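One chain, chain A, appears in both complexes that follow, with chain B as partner in the first and chain C in the second.
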Partner chain A sequence: MENILNHIGIENYLFLSVILFCIGVFGVLYRRNAIIVFMSIEIMLNAVNLLFVAFSTYHQDAEGQVFVFFSMAVAAAEVAVGLAILVAIFRNIGSIDIANLKNLKG
Partner chain B sequence: MEKNLVLIVLLAPFIGFLGNVFFGKKAGKGFAGALGTVAVAISFALSVYFFLQVNQTGKPIAVTLFDWITVSNFKLDFGIVLDQLSLLWLLFVTGIGSLIHLYSISYMHEDENMHKFFSYLNLFVFFMITLVVGSNILIMFIGWEGVGLCSYLLIGFWYKNQDYNDAAKKAFIMNRIGDLGFLIGIFILGSMFSTLDYAQLKAAITAGNVDTTKLTVAALCLFIGAMGKSAQLPLYTWLPDAMAGPTPVSALIHAATMVTAGIFMITRLNFIFDLTPLVQNIIAIVGAVTALVAASIGLFQNDIKKVLAYSTVSQLGLMFLALGLGAYNVAVFHVITHAFFKACLFLGSGSVIHAMYHEQDMRRMGGLRKIMPITFATMMIATLAISGIPPFSGFFSKDEILLTAFHANIPLWIIASLASIMTAFYMFRLMYLTFYRDFRGTEEQKHHLHESPSLMTLPLIVLAILSLVGGVISLPFGGSWLNHYLAPLFNGSHAEHHLGTTEYILMAVAVAGGLIGIGMAYAKFLKGGAVPKEDHEMTGLAKTIYHKYYVDEGYMALIVKPINGLARFFRDTLEPALSQLVFSLGSLANGLGNLGARVQNGSIGLYLFAFVIGFSVLFIYLFLA
Partner chain C sequence: MSTVLLIFYILSAFTLATAFLTIYSKNPIHSAIYLVLCMVSIMGHYLLFNAQFLALVQLIVYAGAIMVLFLFTIMLMNLNKEDEVHKPRMTRYAAVIIFILLCGVLTYVFVDTKPIMGEYDVTGQDFQSIKVLGKVLLNEYMVPFEFVSILLLTAMLGVVLLSKKEKSTR
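Right after this comes the complex of A and B.
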């Protein structure tokens, strides 16, 4: 089987992954809307997943891909819980702007 | 059979104690008094039985109850030994004890806590018997501590008066100092010989090969214990204060029995002291000086019981003088006669105090002779005995002490003789002030005056008879029964003084000294009708002596004040400094926490920012460094 990596090159996957991850990081840091923050986290997660898969193919080893399945399953659960929390927060304080979520103040 | 009887001697007073503790209050005063008295009387009766037996056979009765302590090569049995010495002590402890119990029934009948009083008294007798009959020093120590406890309880019996409580505490603490010495002495002996049993100790010591230096230290420590319990200089100040207790207590504990425990201990361990002449010298000197100092304080006391208390200290000093000179049998003789006449004097003073509505100041008494003839007569006999007038018992015992002192050391003899003259003086001062001339108290007291009931006068009469004839147990004219009886206890024979011209002259001197003392008291207080001045009118030497040479104040300034000062320094300076240190550590942590808490401001953006930065730093560190 011809390896797709031969055409595109592993470096490009790495660049894409890093760019996606940085987008995620900056999204987390700069946005105030909790849902956007949440989405940014998902982008970071998927950047890492992409890297996993790319290396898995590069090394001809399926373990990385198996791992990604687990990671996606966990991420799905996390999203469900996270969104549920966000809904609960919105019901309570009428906003999901993280600047308003000050109840954790020590 | 014999074992059971021995146990009854020991346990009868203890059963009396338990009975009075648990049933005394409900069963009433009559029951409490009767139970207490009978319990001690049973012990007395059995003591007489054993005494007659041992006196006849000459063989001590030894009973081993159980193995007590067994640690490596150290072994100790819990046993009872009834030998000549312990039986002698048993006889007068239980004998005088029964009389005083009898007396107390009447003396304490108005007190609401009579059952408590009798339970304490019985407990005291129990511990005193333990002290006397034990077969090793550790059992003696149990009794020793026990009588100290009972002394404390009984001095502070009228616990609502804070002064009495203070006196009780003082007695306990002073005794503690001595007890520490005693305990150290026991430890040294235990480590030297791996046993504390009298018989084994005696065998080990007389076998030779003993480290004399260690033994001297041990003997000195034991003597410190005796000093505390028997109120010798410098630990004597508790005894006069102990007069706060009810008068029967003073008679039983602080005159006749407990305070002679020190003498008993030294006599019991005579084989140790025989090998340590240095300690013997110390004992003799301490005894003689105590006799003189206490007698001189007694000259100026106005409280009838205080006079007797100082007299007791002084007489105990004479006994220690005899002990220090190695004349143990003489000391024992004086212990016995002293127990008779001093118990009689205390009970007599109790009778007077009873009649005077608890007035103890002799300046408020006088003229009681006609109203209280029995008390007067019995006290007079005891006074003549303590003053050393023949043929009363005190004459023989005191004369033997003086004789021994004269043969050993003339200065000690002079000191002891001076103390005897003073004794005669202050005792007759007491008698004249109390019983002669006119009554000086209030009208109310005058109406109340009466002779005490027969329950109180009966013990007085018995004790007076004993004070009169007690001397017969050791007459100086050869063949002293006491010396013969006690001979098995002592190493070598303490040769009886051969009665020559010197001895007769000495006797005459002693009697003359007593008569001089009496004469001076007669001239001043009966003929002259002098009454001691009120406290604030005293001046000069009299004031100094009246205040006991300011010894208590000296102890206060030298020991109590510095300790209090140190305590105050610790409380006011050291403790605040230490707690400041600890508190500042705490507030440091608190401040740091507050600083850290500022980061925790609840802004999720900041948290995320910190998270990313922190992760980046870690990342750079791990991969680039």
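Right after this comes the complex of A and C.
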């Protein structure tokens, strides 16, 4: 079996993941809609997962992919709980603009 | 330039463009659809690595389950209108500047480490087919695997508890 990284190179995947992660950070900072902020967090998680798989191929080892599987399970749980919290917030406040969440007076 | 490299570049451009449009588009429904496209293109990257199991899980869990959850929530809150107020101008400029700086710094770090170019080892043995991955998952990683099921059960209970309509005490 041939290693795909001979054609592409690990550094290309490093740069792709870095830029994808930075787009996620940008989304968290730029938007006020809490759902879009959640989506940005998903983008960040996916960027890191992609790099895990790239290095799993680089070392020809399955452990990286097992770790990605676990991180996907955690991401699924996180999204479910987070969206439930958002629904509860929406019921109480009537919007999910993160600028309105000032009840704790942080 | 080889065909594989060309496929990689097209796929990467698609991934980055859809990820950016997810954040940039005003309507949350459009954002969710762009995010689905982003997840599918990341599945394409996994297929490029021949990681079949993760490609399937990515398609089922992310592009399927999680995005359906997102779309349900958006439609439940009736948010598919474009009246979102922007953050203050200063904050938005700061976000752009932080994006550029973070990109620059991380890219510089990875350029500076000078990753090994050229030859990569090919052990020749199969390490990422579904069969091998299942054996690794259920032999060495059996305990974490069971803990994941407990985690999902707890998350499910928490979600039901959180989204249950409480009696009006106020």
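Note that the second predicted complex is superposed on the first by the 105 of 106 C-alpha atoms of A that agree within 3 Å, B and C clash if a C-alpha of one lies under 4 Å from a C-alpha of the other, contacts with A are read in each partner's own complex, and residues count from 1 in each chain.
Following the convention adopted for this analysis, a residue touches a chain if its C-beta (ideal position, glycine included) is under 8 Å from a C-beta of that chain, and two chains touch if they have at least 3 such contacts.
All values reported here derive from a predicted model rather than from experimental measurement.
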Chain B versus chain C as contact partner of A:103, first or second or both or neither: first
First (chain B), second (chain C), both or neither touched by A:62: second
Partner chain(s) touched by A:48 [first = chain B, second = chain C, both, neither]: neither
In the superposition, chain B vs chain C on chain A residues touched: C
Chain B versus chain C as contact partner of A:32, first or second or both or neither: both
Footprint overlap on chain A, comparing chain B with chain C: 25, 29, 32, 99
Residues of chain A touching chain C in the complex: 1-12, 14-16, 18-27, 29-33, 35-36, 38-40, 42-43, 46, 49-50, 53-54, 56-58, 60-63, 65-66, 68-70, 72-81, 83-88, 90-91, 96-97, 99
Residues of chain A defined as touching chain B within the complex: 25, 28-29, 32, 37, 98-99, 101-106
Residues of chain C defined as touching chain A within the complex: 2, 4-5, 8, 12, 15-16, 19-20, 22-23, 28, 31-32, 35, 38-39, 42, 45-46, 48-51, 53-54, 57-58, 61-62, 65-66, 69-70, 73-74, 76-77, 79, 84-87, 91-92, 94-96, 98-99, 102-103, 106-107, 110, 115-117, 119-128, 132-133, 136-137, 141, 144, 148, 151-152, 154-156, 158-159, 162-163, 165
Footprint of chain A on chain B - complex, ascending: 597, 600-605, 607-609, 612
